[in-house]
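Worksheet: one structure, shown below.
Order as written gives the chain letters A, B and C; numbering starts at 1 within each chain.
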Amino acid sequence: MQTLPRRLGVAVIVAVIVVLASIKLDAFRDYQIAEIAVEVTAVAGLTLLTGLSGQISLGNGAFMAIGGYTAALLLMHLNWPFVAVLVLAAAVAAASGGVVGAAAARLRGPYLAGATLMLGVALPSLAYAYPGLLGGDQGLNVAFTTPGFLGATFPLTRWQAWVSAAVALITLVLLANLYYSRIGRNWRAVRDDEVAAALDGVNVAAARILAFVVSAACAGLAGALLAIVTGLVAPGAFTITLSIALLTAAAIGGLGSLPGALWGSLVIVLVPTYVTDVATSNGLSSSVGSNIPVAAYGVVLILVMLVFPQGIQGGLRRILALFTGPDPKTQKPVRPRTDKEGIS
Amino acid sequence: MVEFLQFTLSGIVFGMIYAAVALSLVLIWRGTRLLNYAQGGMAMFTTYVAIEVIHHTGSYWAGFAVALAAGVVLGAACQLTVIRPTMNKPPLNAVIVTIGLLTLLEGLAGIFYGGQYRSFPAAFSITGLKIGTTPLGVSRFDVFVAVAVLVTTLVLAAAFKYTNAGLRMRAAAFNTTIARLSGIRVARVLTVGWALAGLIGALAGVLVSPSTFLYPNSMDTIFVFGFTAAVIGGLDSPAGAVVGGLLLGVVLSYVAGYLGSKGSDLTSLVALAILVVVLMIRPGGLFSAARMRQV
Amino acid sequence: MSSGADRAPGGPAAGSGPAAGSGPALAIEELVAGYGGVTALDGVSISAGTAAITAVLGANGAGKTTLLRAVSGMVRPRRGRVLVDGTDLAGRNPEQMVRAGVAHVPEGQGVIAELTVEENLRIGMMSWPGGLRRTAGGTDGRGHSRAARAAALDEAYERFRPLADRRRKLASTLSGGERQMLVIARALLARPRVLLLDEPSLGLAPRIMTQVMDMVVKLSRENGLTIVLVEQNARSALAIADHGVVLNLGRVVASADARTLAADVALRHHYLGF
């Protein structure tokens, strides 16, 4: 999607498809559309952070929590219109992303993973520490209703699906702009070779922090959407499992790829539901039945990563290349190895 | 003063558990440059195997031994089947694969053994020890835990330093190319590394499960703290793993001890704070070399 | 995996001479190898005379290092044969090639800096079959018991005195010349038939370089080792070599005995820079 008009065009087409689908499908499917849209919003930011700027984060669920709780508190105490709430939630999360990014600017690889993992575990526990403000274990309820102009009989789930999908599509378009901009190029340069990038005049620390800010903003936005869609923010919704699921979705879809964010989100939302359906429809006992989806999900993760090392998007590209010939965009520049042994 | 002693001692005991998990992570990291996110899950699974053996044979030590053996087998099996194919691919692939492995193990445990919390026996008495009339805050079993981990660490360190097998592992970790050119079967060495890590993880599992009860997710928090301990100490340093584990165990013990129930809620935040402080001073952990090795 | 690559190296350590009448110890036929889309070796054929020194020369990028890597198994050849004592071992991995008697001393950082001198040497013996079994000595007097390994170490220290003085020190504390000594000593401990040396004099002071070259000559004359020597410094390589091969852009452009090559001024100017 190299040009803005093309991106907008695709976004509009997808939006139309979503609207039509949401009308045809039942409430549960609408809810799933909303769920997928929430995940896409968060995963898209994460896939840029990890895939494009090369910084692993196991704690983006914490930024979702920040966005979600901000939204819940705003709606509860200030009753702002939801668009303003979404924007502010994203902004607050973005600011915290800046703090985290700055603190983590010197961390690499597993050390960054460890720090963000701990962030993802620790942040939600703030809700337990401040139950008065943050609702403790029970969390905070979020009221969200369909706007008047849609009429009294318009299903809430469909409206939630529309809002979420719209937010996801806008996010994707904005991120695509970033992807192809100088900022995106700087991120890739920093990821591939920090020293070379610095010599080229790229401010490495600033680029890395900006990546965190962007991914946190997306996650915060997604968290606010989640609050609206589920009607509740509680620590149990933002566990470390969520952070890990986001990273998993990004990798499975194809790290650094925005379409990949969609594929990955589809996998993490639909596969567990599908497997649970199969298990319960076969009448398996509850402990076995509720754990088969868990085990199956694990198998899916392993298999996809082994079969498609570049993720689903990479796999699709390879399949496409079989028909159309190699894609010049994906050919890595060929240079002989220059490792310790030298080259002759 | 007595409280301080109690909190310190029980902190050391838990710290040794974190150290054991950290050690197994360091072992795998040094050998293969991978983080095994399934380490806790593998330990959980072997502990389930142990408890089945204990129920069927009535012998704790039989279960203990089988758990360790299962750890070896599970570690080697995982490396041979799903980890090896990720070796020359982007590192994040291995991360996802180990996460998938973790999920798979937790699901399998739920399927085979059910999801309810199970109690796990302790090898020795769990009544608190006393000096005179002063309770020490730790039991005979706790002492066993600390000693078991310490002995394992020392044996491992000695094996690494003084045996040919240990030399092979170190050579393969420091310079895979030269190791291969010298005839070291690096692939085999890597499998042994994972098997050892599985052993240590299994040990941690049986040692900690009497306190935490056993259920499919019981090792998750232990893993997170063990990972944190490894990061604090520096992922290339086994000594760092032990120091990091003890530091974390002791500090968290003080927090939970002196701050009561509020403290328990704050443990992960405190751990995060420690982690941030250490990493801001030394981004590679406490024992990282001043010169970062080219990976 | 055929048994050929796993048989015990029939090395010349015990003083046995080169196998007579079995053809060259190392013969490379039409070898094609490269990295990704680049072909670095484009049909190279070289015959390394048994117990002789064959110098492989050429400018940077000519394919010299790739050649050694393709022989030792670090790079998998695309086509061609690598015949060690008549058996084709192309495509075997490095662990197998060492056991087949081919030791490769790579260019640059050849020691494991984080290990001690003695540990680096012990690694050289990792390819010996038998591991730690305390078996009695074999027919060539070289059993694989602990005693045999200790004896081999002593022999190495005897020959390379500076290493003996530093045996417990970290390899990172050695000077350039000492490191090269260590690397060669380690390779010799594998009891190879064929020794592949990649720029052994790189980065060394001229005096040390001479010592290294003298060592290489001794290895071939006294131990009967077949040596393939890749060198940028063509002059000093040709001075000690028996045979010379010049590579350019992955092809052999000249192959003759060393004296003839050294005397061919036009060739020297064109391909070797002197």
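In this text, a residue touches a chain if its C-beta (ideal position, glycine included) is under 8 Å from a C-beta of that chain, and two chains touch if they have at least 3 such contacts.
Please read all numbers here as calculations on a predicted model, not as lab measurements.
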> If every chain is reduced to the average of its C-alpha atoms, which one ends up farthest from chain A?
Replying inline: C
> Measuring from the mean of all protein Cα atoms shown, which chain centre lies nearest?
Replying inline: B
> Between chain B and chain C, what is the separation of their C-alpha centroids in Å?
Replying inline: 43
>> Taking the mean of the C-alpha atoms as each chain's centre, how many Å separate chain A from chain C?
In response: 53
> If you average the CA atoms of chain A and of chain B, how many Å lie between those two points?
Replying inline: 30
> So which bits of chain C are touching at least two other chains?
Replying inline: 74, 106, 109
>> Residues touching two or more other chains, restricted to chain B: which are they?
In response: 177
>> Residues touching two or more other chains, restricted to chain A: which are they?
In response: 340-341
>> So in the complex, the part of chain C that touches chain B is made up of which residues?
In response: 72, 74, 93-95, 98-99, 103-104, 106, 109-115, 119, 122-124, 126-128, 131-132, 186, 190
> For chain B, which residues count as touching chain C in their complex?
Replying inline: 164, 167-168, 170-171, 174-175, 177-186
> Along chain A, where are the residues that touch chain B in the complex?
Replying inline: 50, 56, 103, 106-111, 113-115, 117-119, 121-122, 125-126, 128-129, 240, 244, 247-248, 251-252, 255, 287-288, 290-302, 305-306, 309, 340-341
>> Quick check on the complex: what are the chain B residues that touch chain A?
In response: 29, 35, 82, 85-86, 89-93, 95-97, 99-111, 114-115, 177, 216, 220, 224, 227-228, 230-231, 235, 262, 265-266, 268-269, 271-272, 275-276, 279-280, 283-285, 295
